[in-house]
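So, here's a batch of structures to check.
Note that subunit A is present in both complexes that follow, paired respectively with subunit B and with subunit C.
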Partner chain A sequence: MRDDLLGRAALTIEGLIGLSLLMAAAALALAAPLLLPGDPFDIVARPLLRPLADPAHLLGTDRLGRDILAMIVHGARPSLMTALSVAAVALGFGMAAGAVAGMLGGIADEVIMRLADAVQTVPSFVVALAVVSVLGPSLPGLIAALAISAWTAPARVVRSEVLRLRGAAFVESSLLLGRGRIPVALTVVLPNAVTVALALGAVIVAGALLSEAALSFLGLGDPNRPSWGALIAEGRQVMRTAPHVIIAPGMALFVTVLAVSLVGEGLAKALSKQTS
Partner chain B sequence: MSRSARIVVLRLAGAVPTLLIVALAAFALLEFAPGDAVDAYLAETGGDAGYAAELRRRLGLGGTAWERLAGFLLSLGTLDLGRSVVFSRPVVSVIAERLPNTLLLMASTTLFAAGLGLLAGMLAGARPGSWRDRGLSMTALAFLAAPNFWLGLVLVVAFAVSWPLLPVAGLRSLNAPPGLAAAVLDTAWHLVLPTIALGAGYVALYLRTLRAGMITAWQADHVRAAQARGVGDGAVLWRAVTRPALLPTVVIAGQNIGTLLGGSVVVETVFAIPGMGRLAYEAVTGRDTPLLLGVILSATVLVLAVNLLVDLLLARLDPRIGAADA
Partner chain C sequence: MTLHRRTLLAGAGAIGAAALTRKARAQGGPAPRTGGILTVAADTEPRNLNPAMVASNGVFYVASKVIEPLAEMTTEGDGLAPRLATRWEGAPDGRSVTFTLREGVSWHDGRPFSSADVAFSAMRLWKPLQNLGRVVFKSLEAVDTPDARTAIFRFGEPTPFQMIRNAVPGLASVVPRHLYEVGDIAANPANTRLVGTGPFRFAEHRPGEFYRLEKNPSYWEAGRPYLDQIVFRVLPDRGAIAAALEANQIQLAAFSAVPLADMERLSRVPGIAVIPQGYDGITYQLTVEINHRRKELADARVRRAIAHAIDRKFVVDTIFLGYAKPSTGPVPAFDKQFYTPDVPSTPFDRRRAEALLDEAGLPRGANGMRFTLRLLPAPWFEQTRQFGDYLRQALRAVGIDAQIVNNDAPAHLRAVYTDHAFDLAIGSPVYRNDPAISTTILYESGLPAGVPFANQYGYASAEMDGLIRRAAGTIDTTERTALYQSFQKLAGTELPLIHVAEFTFITVARRSVMNVANNPRWATSHWADTWLSS
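Moving on, here comes the complex of A and B:
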């Protein structure tokens, strides 16, 4: 059923365009060390070369003479890694929390949903700012900072699915076999709510890409890795005379987020056709 | 009890545990931070251990974690948020100074996004599936994907270098003409670019919400009944399809107040606006624990307050909400 949904999502126009863009971005990110070997932070040419001025540096150079294309391509992997990990953690934790809350009800439900309420009340970017400043800009720190606010949406969606399915015969029979409510929630009910939560994954990835870039733009990212947000921040000093230094990394970020959103749109469309 | 009073009581009762959880979580998180505001402050000015201890005592940063927590909760009860280390002033006064600018930016962004988004949403939802609808929906998706800080910088480049038409920094001109009307106009002029940078994504949200509501409404019986009665196309579109679909868009305004505040962190930094968002950033870079706690808590209160207002507005628009037997 799930593969079917993915297949049909890929068949929508949105899904097709999004998936091809995303695969291209992922391929570039994975092949970065092969395509553009060497340290992307190396100074390779004269500073502020315009794009296309030198075929060896297609997107030109920044104010120190570093190749912009190399930094963008090498910056893709950490950005995509962070965003995908955030979605994995947020979906995993959120879906489990939602399943347990819906299945157990009572105090457990009350506690989990109150926590979700509180998390959703604090602006998520302010939370991310505070968490990153405490945990540092390492990959686990970034993932924690962004996932801490992102788990509530999948939790809510899965909880309402569980409430709908709780009385179904296959759930009742599993319970009658003497299995605990939590194992049944996680192994029997949860798989049926996966498709609904999956479409949320795209929204979480897109949001995490944007937030991660905004954090590195503010100088709270890892300074030892190239990052699109940090590239844009560095370009600010020279953008009035050489706008290409901010336009190129911004376009990379924009196209990647757009691709993820298109895939999400395709998933949502396939999902609504399935339920209607 | 009237409906409004019941909503207020329910919301306030729900707000207490939320605020408590946020306060405890924020406090616990910042306790984990390596080094405190005094370390950060002394790293710049220099000073011996005795001076550090004295500063900690004065700022309420000394003692054990439990003593600090007790002090923090006690002072919260009296709406005292402590002293900011970076600004050497009470946190409350720093926030009170910054909040109006952010409220202004949030209000102008909401007006811009709702105005443009609802107009485009109506055009798209009037004929779902048409080329006009597809074009508008795709544009909306692109708006949602554009990073707001990058959009802001591109606007700065465009309007500072290519066509120097609009101001790109601050909220007031240094040489503003005298008079209230001129001052208002001056600030509105300064708000144009930050509003577009922050609001572009929300235009898309309003468009999508209204469009989705209109698509549902087109299938409703009352629409077909109106068409069968011979009600004109324009009247059907506006009164039977658009108006009922407008209600959920009010919820969008409330739901996104938090992300709007989050977005103002970068947009205020790009456009040099002294607001709450930039204050959060300054608190983080200055390791100003009392200030950061204060910003987190006041942001939470702001979100709760706006949600209460939205609930009251919704109840006014929809008599079913908050009714005794609901």
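Moving on, here comes the complex of A and C:
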């Protein structure tokens, strides 16, 4: 039943639009080196060229004369990479933590859930800012910074699912066969609790996309890779004179976050149909 | 006015403010109006606002209205207009300079101003504490005060009067002895609540909001200042500054606080003027700082190749939108005293750059790159960051893979000037009208790590050090000028750092603000003659 959840989500109108947009973005990001070969930072034309003024530079150029389309398309790679990695790390760690906490109960539960409480009391963006300031702007550092705060939500959801399933007959029988509680939690209970957490994945991806852009906007991204947040920061300087420099990456970010949210919406709908 | 009666010997020349007002009237300009509040944009709030200790433009911008120097720069006459001093004369042997001080001046707290204040400021602040004064007043041994109106500076080594004159507007701000003589000068409350002799009194500072200055009714120049108040509104966001100007919430933004890209649009807004004058005395230079400890960069051919890879015209036209000039060396062309164009040049020539790199034994590798280096653009200006982006691409074009490292201001200072953890950095030193003040320090060797805006580049040349030492002790103006011209030539030959462009700033103001930009340090001068038309 878990397998066709995504399929059923895609059948909702939100899911369909979201998935198509997301796949288009991913395809663009993957094909970036083929579509727009060369260094996206190359100075290729007159500065602040308007969009459509030159067919070779559809979205115009920035203040140095760098192609905005090339920077957006190449910039999609680190943005999506970061967001998906954050979601993967946060979901993986969060679900495992939730399953163990729910299954073991007692001290283990207390420790894990109080740790989650502690993490949730600090605003996630502040944590990310601090971690990136210390580790410097690198991709693994950024992923770690954003995942640190994101794992608590899946942990809570999975824990409550596990608490519900703990007394179920198939769990009891696995335990009676003499397997340990942690292996049972991870291999028997977790797969049945996973669908609920998956819908959360979309929320985490969308949040990570925005946080990544915000960090780059503040100059804490990797300056040697194009990034939407850095482009928006650059565009802000000339917002009144050349609005296209900020609108184009802003739209890219908006559409991608929207697509992810729509997929999440579709998943949630499919899930509620399944449970009802 | 006492000014008009006084004959000025050394300071003979126009008396900036008064002369300009007369000129305006002669040209049929309107008579100045008294009153009004001028609100201007400020983007920083320096922790220490005392210009006698911190000689920097961010401090001067606010403090210069409250605390006055001995003299101010002017474009007319011999280049100096009297402020607290009315006469200055250097002894032929370079061992003393005599300042005659203005009469009838009092501090904002009512106490009289005298030569004791000048002596105290010089010996206790400028020489031991001030960033630039430490260099210029290095050999100042004593300040004699035979009477309340005379201060005689005595130097242990022959010190060029030319340099002292050039240093006075920026380095010689006078603070009241009676407030500073007790306790730790660095912790004195008057460093943030300024007390001076200037046309405006310090009224209040609300952190994050504004500084407010109010008219000094007992200013020494009768009838000045014209304005009732000056409010410096703290507006760190550049976009907000442009909008506030258009809405007439502020009347003036100095130091290019408005993004250059907005200038053309703003210049067409009725009631707003874009004024590129008034900054010649504070010329900044865009430089590539080079770490000579890196073996590739210790080779002059590689440094020359980097210089040839930079298209200065592109930098001036695109990054500075024409509001800059290409540099030829460490002295900007504005300086008529010292500048020489007769130096080895490095025109934009990628083929030449590649040839030099090949010759230096650095061929392109499998990935097309010759070597990789760290590039640290200073965060001071929009343009230093943008030039970093440009330089990265310009170097890639000749096969040097430059990786940008962005830092905030304290981390940048530490990385470049203390830890030497850089290969190339983008700097923006200020040229202060005499190479001895803040320029030769970029070339002389033997400075301890941690001295900022100085040669932390690992560059040491006996010839360069000798030349700098000789020029510093030369009294004769002609000979001294010739030595600094040789210095420029040697700087061009050895190329320890690369000067790319020289730039000043732009003021954007409502047309109702009068007498803007009428001296070469206008934004950091006293604004006693600034007025608002209704």
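Here is the rule we use: the second predicted complex is superposed on the first by the 276 of 276 C-alpha atoms of A that agree within 3 Å, B and C clash if a C-alpha of one lies under 4 Å from a C-alpha of the other, contacts with A are read in each partner's own complex, and residues count from 1 in each chain.
Here is the rule we go by: contacts are C-beta pairs under 8 Å (C-beta built on N, C-alpha and C of every residue); 3 or more make two chains touch, one makes a residue touch a chain.
If you're wondering where the values come from, they're calculated on a predicted model, not measured in any experiment.
Colleague: For A:A213, decide between first (touching subunit B), second (touching subunit C), both and neither.
Modeller: Touch partner of A:A213: subunit B, not subunit C.
Colleague: For A:N224, is the partner it touches subunit B (first), subunit C (second), both, or none of the two (neither)?
Modeller: The second partner, subunit C, only.
Colleague: Looking at the overlay, what does A:I247 touch: subunit B (first), subunit C (second), both, or neither?
Modeller: first
Colleague: Counting touched residues of subunit A, say whether subunit B or subunit C comes out ahead.
Modeller: B
Colleague: Looking at the overlay, does A:F41 come into contact with subunit B only (first), subunit C only (second), both, or neither?
Modeller: second
Colleague: Name the contact category of A:V238: first (subunit B only), second (subunit C only), both, or neither.
Modeller: Once the two structures are laid over each other on A, A:V238 reaches subunit C alone.
Colleague: Could you say whether A:E172 touches subunit B, subunit C, both of them, or neither, answering first, second, both or neither?
Modeller: In the superposition, A:E172 contacts neither subunit B nor subunit C.
Colleague: In the superposed arrangement, what residues of subunit A touch both subunit B and subunit C?
Modeller: Shared contact residues on subunit A (touching subunit B in one complex, subunit C in the other): 219, 236, 239-240.
Colleague: In their shared complex, at which residues does subunit A touch subunit B?
Modeller: Those in contact with subunit B are residues 14, 114-115, 117-118, 120-127, 129-131, 133-135, 206, 210, 213-214, 217-220, 229, 232, 236, 239-240, 243, 246-247, 250, 253-254, 257-258, 261-262, 265.
Colleague: Can you check the complex and tell me which residues of subunit A touch subunit C?
Modeller: 39, 41-43, 47-48, 63-65, 137, 219, 223-224, 236-242
Colleague: Looking at the complex, which residues from subunit B come into contact with subunit A?
Modeller: Its residues touching subunit A are 14, 17-18, 21-22, 25-26, 29-30, 32-34, 141-142, 144-150, 153-154, 156-157, 160-161, 258-259, 261-263, 265-266, 269, 280-281, 284-285, 287, 292, 295-296, 299-300, 303-304.
Colleague: Show me the residue ranges of subunit C that touch subunit A in the complex, using the header's touch definition.
Modeller: Contacts found on subunit C: 238-239, 242, 259, 261-262, 264-265, 314, 318-319, 382, 386, 389-390, 392-393, 396, 403-406.
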